[in-house]
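Chain naming follows the written order as A, B, C and D, and within any one chain the residues start at number 1.
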Amino acid sequence: MAQGNAPIHDIIHLGAVELLTPKPDKSLWYFRDVLGMELAHARGESAYLRGYGDYATSTVKLTQSKNPGVGCISWRAASPQAMERRAKAIDASGLGLGWSEGDFGRGRSYRFRTPDGHLMEVYYEETKYRAPEHLRSTLKNLPQKYTGRGANVRRIDHLALLARDVAANRRFAQEQLGFQLREQVIFENGKTEIGSWLSPTAVHHQVAFVKDVKGGSGRLHHFSMWVDNREDVLRAATVLTENGVFIEAGPSMHNNSQGFYLYSYEPGGNRIEVYSGSYLVFAPDWEPVTWNEEERGTGVYWGGALPESFLTYATPDIPAPAAAARSEVPVFDPN
Amino acid sequence: MAQGNAPIHDIIHLGAVELLTPKPDKSLWYFRDVLGMELAHARGESAYLRGYGDYATSTVKLTQSKNPGVGCISWRAASPQAMERRAKAIDASGLGLGWSEGDFGRGRSYRFRTPDGHLMEVYYEETKYRAPEHLRSTLKNLPQKYTGRGANVRRIDHLALLARDVAANRRFAQEQLGFQLREQVIFENGKTEIGSWLSPTAVHHQVAFVKDVKGGSGRLHHFSMWVDNREDVLRAATVLTENGVFIEAGPSMHNNSQGFYLYSYEPGGNRIEVYSGSYLVFAPDWEPVTWNEEERGTGVYWGGALPESFLTYATPDIPAPAAAARSEVPVFDPN
Amino acid sequence: MAQGNAPIHDIIHLGAVELLTPKPDKSLWYFRDVLGMELAHARGESAYLRGYGDYATSTVKLTQSKNPGVGCISWRAASPQAMERRAKAIDASGLGLGWSEGDFGRGRSYRFRTPDGHLMEVYYEETKYRAPEHLRSTLKNLPQKYTGRGANVRRIDHLALLARDVAANRRFAQEQLGFQLREQVIFENGKTEIGSWLSPTAVHHQVAFVKDVKGGSGRLHHFSMWVDNREDVLRAATVLTENGVFIEAGPSMHNNSQGFYLYSYEPGGNRIEVYSGSYLVFAPDWEPVTWNEEERGTGVYWGGALPESFLTYATPDIPAPAAAARSEVPVFDPN
Amino acid sequence: MAQGNAPIHDIIHLGAVELLTPKPDKSLWYFRDVLGMELAHARGESAYLRGYGDYATSTVKLTQSKNPGVGCISWRAASPQAMERRAKAIDASGLGLGWSEGDFGRGRSYRFRTPDGHLMEVYYEETKYRAPEHLRSTLKNLPQKYTGRGANVRRIDHLALLARDVAANRRFAQEQLGFQLREQVIFENGKTEIGSWLSPTAVHHQVAFVKDVKGGSGRLHHFSMWVDNREDVLRAATVLTENGVFIEAGPSMHNNSQGFYLYSYEPGGNRIEVYSGSYLVFAPDWEPVTWNEEERGTGVYWGGALPESFLTYATPDIPAPAAAARSEVPVFDPN
């Protein structure tokens, strides 16, 4: 499949992710004490966190909620003009929600929903992080001290969203957001688009849309934090296990994306990945890599097979569809 | 369980392992081209190999055979006197076979069988490896050049042997060989000894005896080669996969032994581990760590669950016992 | 210093580097047998190589020459139109050389010289690599098999060029090539621009211009190949040392760029880096990080100090300037 | 040089090291908050610490003192009888001091001085560590939780002691303590013994005696803590640097011992190594590896040269000898 649109670079990278959690205190413990992020701010029912390598003041927002899941997903535009262009285009697509006043650390944004209903926004103004004295790094080009606490994740990397109609959401990301399509899983001789991985930057993917086998909408499969070396993922496995956090899968290596992964559930229920490896994509004429049933296999290059829950659990959790409906939905693993 | 005998240090370390293979050429390719060992010698139906860090001329012998499995397992004695003492003691135990003339790189040895029938020997004379010019290391204390080929395993580490009566073999290793018992898996409220890990040196274990769920005798569960860092095991996973070698389990971390493992099958059928991590045992009064059903769980600290084959496959392969017999044998994973 | 121009994305990444060598056979040995690259093609006095992760057919060209140094540096454009735009702009700048017919694996290109005289070109047409059977990876998204030979470098990353007037070359890269300025070393209270690091993509830098302390022109400080983990750099150090290749500096970590580096000299004399770590830059309004004398220090975050040769040696090598001239040129280390 | 005595295994491993510090609070911060050890006990002017992998209750004792340096070095005997045998032999050598009542976590000991005056003791009774609830590991065979704090060193490994007469101390360790000689640096055609590395166990060395170039006595060159992977040493470098701790040398690799090292000064002034790699020695007839001036070179296999301070600084610090005396003392680096 050729790229529908050349990337237009109006959106330049994933800026922030809001996670909903019914257990905000325990989720904060997970991200701060176990993953080693810093609490940058707290306001009302939300806590704002950051990785030591994120240049923004905050990249992860935890918001108390009845159910877990993903809140607003923020994409940074390349310029104020680029933001306006995207707003106009999305508005024309009929999925726009209008302008917001911004949030902690970010200026006004244009909000919209994906065809599947995930809430997103595009913004330009960003408060660059200025570390307080005790968090100042001895490296001038590192936004914040490497504190050496827990898994000490560096920065946000990507998220995987479930969707009832993967193709519709993939096209939206290509056409309205200007993302480049990187890889796809397509079953049944090219008829069923099971998953698509896209990115606005050289990072392999910053968003994936994957078939929701339960037929839900707006759900989160996982959110991913980056560490620099595979060894950091192994170390994270020990840190998580010593802290009694359930590891669902990994450390292992995916075939799709070449990511070296580890998936755990934060106490609120969301699936969080500690991630390294993968590969950068530079080609402007990148040909998406497409995997059929046989090539995709279990989604694992080497390492233990992914458990059933990886295919069926997402947040918020919903009941499985009735047997009749389920038979139409291929089971698949997103990564 | 207290140590039956204080280690007597007559046997000082695992010296060499002979593997039987019905596909000698392909097995040689596996050990030399994929694992990165060197061929030190070839004679008749045997090839003699070595890891770059082994001080002996050869530590792995591949011998053509109708079926895969383990041939002779060689233990080095601390001195000629120690060898004589062990020979005498083993002879008195009724399991002695008598003296051999030695093999390539090693002098005469006293041969015997474990209660389960595995062939072993104790020897003292050893030809220290002298590298030919093209394999000389730039490190004076490294026996051989690190060639940077394939997984480039450093040295032999340990083996796991299946046994019908684990306790009998464990006692033999403690009492006749002077090994220290390091860990055990004991099920059914202390009644059923499923596996025992022992060593004559600070290395966590150099031999394990594990219940043969098929009721066979003299079989090999796996043989293990050491690499220095966990990252080397990950790299080995890619090297093996790129060479089309099936990886049965790992890279992952065991709970018992804390070993960081990767198991593949060499083309002859034997299960070979690439191994790092674990821990050294220094205490003379070490209390063996004992795991019951619940504590042992799947045998994995983190990482994918071990597959069924890990519990049922060993070399030579034999048919499963009849259903009646099988019900008496607890299923278990050795590592 | 604010970014002069917003990146315009006409040039999208470093595509290939030609290295000149007076010892082509030995240089080929270094890149193929020690670094683990593949020979993709040979023609006349040139050998064409590639890293297993490069999507292009060839990314490194070795050309026999009287002296070592850098030949043509190839930048890929985002589209044919982008190539034309760059050609027009560079032509207008007076530094254009005109169109070439292309080279092995790449179509026509527009050639030009930097203000300091380095030969560069911009091209669009690229032959995507199709691996022959024996080099086909078991990963569908990996262009070529990971062969597990030597240091097994993955892909080209960046180069550092010496220049008499760093500012002039830096401005040229910003204004004519659309690169984003990432970091700078500026001495004497902001008066003397010692080094500037720039990139057209999220990779921290793909080119650096650094003061030529000997007052030469068109010289190469180093060319850099990427590996995925710091551990791979350590392993490369052993591989290089076992092969008798001189390591000039590292493995260590730079402060500027956060690169984890290892510098050796290939037999032709060029300084080659094996490189990992560093950080990606996503911000469209990135504020270049500027280091003064004190902040820059030795250029090392931790690890051994860089040797004198790192400051004075480049290819082709030239005599040191007369003492009078030399006193005007601050000594500095590029990375 | 052949081994004088076969190892007699009466002493089985390094058990504990006491460090003297003029800045006990800051030293405690270094070992607990930066290296990640646990405080097991505090009494009077001493703090008792442990690595998460040490089986003993405490392995490092920090004692307030006017000057830094090493206090008592404790070796564990294989049995009460072995302790008595060593006591008798050392007493006969004229270097015995008599019996002590023991210390926190250890029973009675026989104390003595090396020929150079270092205080040592041999003991048998040891209190095995029982972790409090909040430090209990999820691994049954790990004495204590891996807390994921700072460099998180695992266990004590070895120490290097300066001596006026290396040969005398080396012979004492071989003959009275039963250690095996592993490596030596001998200059001037075999006449001047510059350094000797010895061990009572498979670990490459647990003590080194190295020429004191200032002619002092009883001084400490460094004390070393183990981590499992080289990557952990790299990570420690960042943790130390972010905490403002001076790194004197490394991360790099020694030729002698093959150790992968990092040396910093704890706030009290003692040189502390974070260490991995090296190799285990199994051979009962190990031939010590001997390095002359040329072979030894800088003591570094790859990585930055060791700084002058590594050769001249030890604790307690003392003035350099007068020029006349100094000329007799070869400068050398211990590791």
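Assume contacts are C-beta pairs under 8 Å (C-beta built on N, C-alpha and C of every residue); 3 or more make two chains touch, one makes a residue touch a chain.
These figures come from a predicted structure and were not determined experimentally.
J.: Let me spell it out: compute each chain's centre from its C-alpha atoms, then which one is farthest from chain D's centre?
T.: Most distant chain from chain D: A.
J.: Per the definition at the top, count C-beta pairs in contact and tell me whether A-B or B-D has more.
T.: B-D
J.: Starting from the mean Cα coordinates of chain B and chain D, work out the distance between those two points in Å.
T.: From the centre of chain B to the centre of chain D is 32 Å.
J.: Counting only Cα atoms for the centres, state how far chain A is from chain D in Å.
T.: Taking the average C-alpha coordinate of chain A and of chain D, the gap between them is 47 Å.
J.: Go ahead and note the Å separation of the Cα centroids belonging to chain A and chain B.
T.: Chain centres of chain A and chain B, defined by C-alpha means, are spaced 44 Å apart.
J.: Would you pick out the residues of chain C that each touch at least 2 other chains?
T.: Answer for chain C, listing residues that touch two or more other chains: 138, 229-231, 238, 241, 301.
J.: List the residues on chain C that touch chain A in their complex, please.
T.: Chain C reaches chain A through residues 6, 9, 12-13, 53, 55, 76-79, 126, 128, 138-142, 183, 201-203, 228-231, 255-258, 277, 279-280, 282-287, 289, 291, 295, 301.
J.: Please output the residues of chain A touching chain D within their complex, sorted ascending.
T.: Touching chain D: residues 36, 137-138, 145-151, 229, 231, 235, 238-239, 241-242, 244 of chain A.
J.: Which residues of chain A touch chain B once you look at their complex with the stated criterion?
T.: 229-231, 234, 237-238, 240-241, 247, 249-253, 260, 301-305
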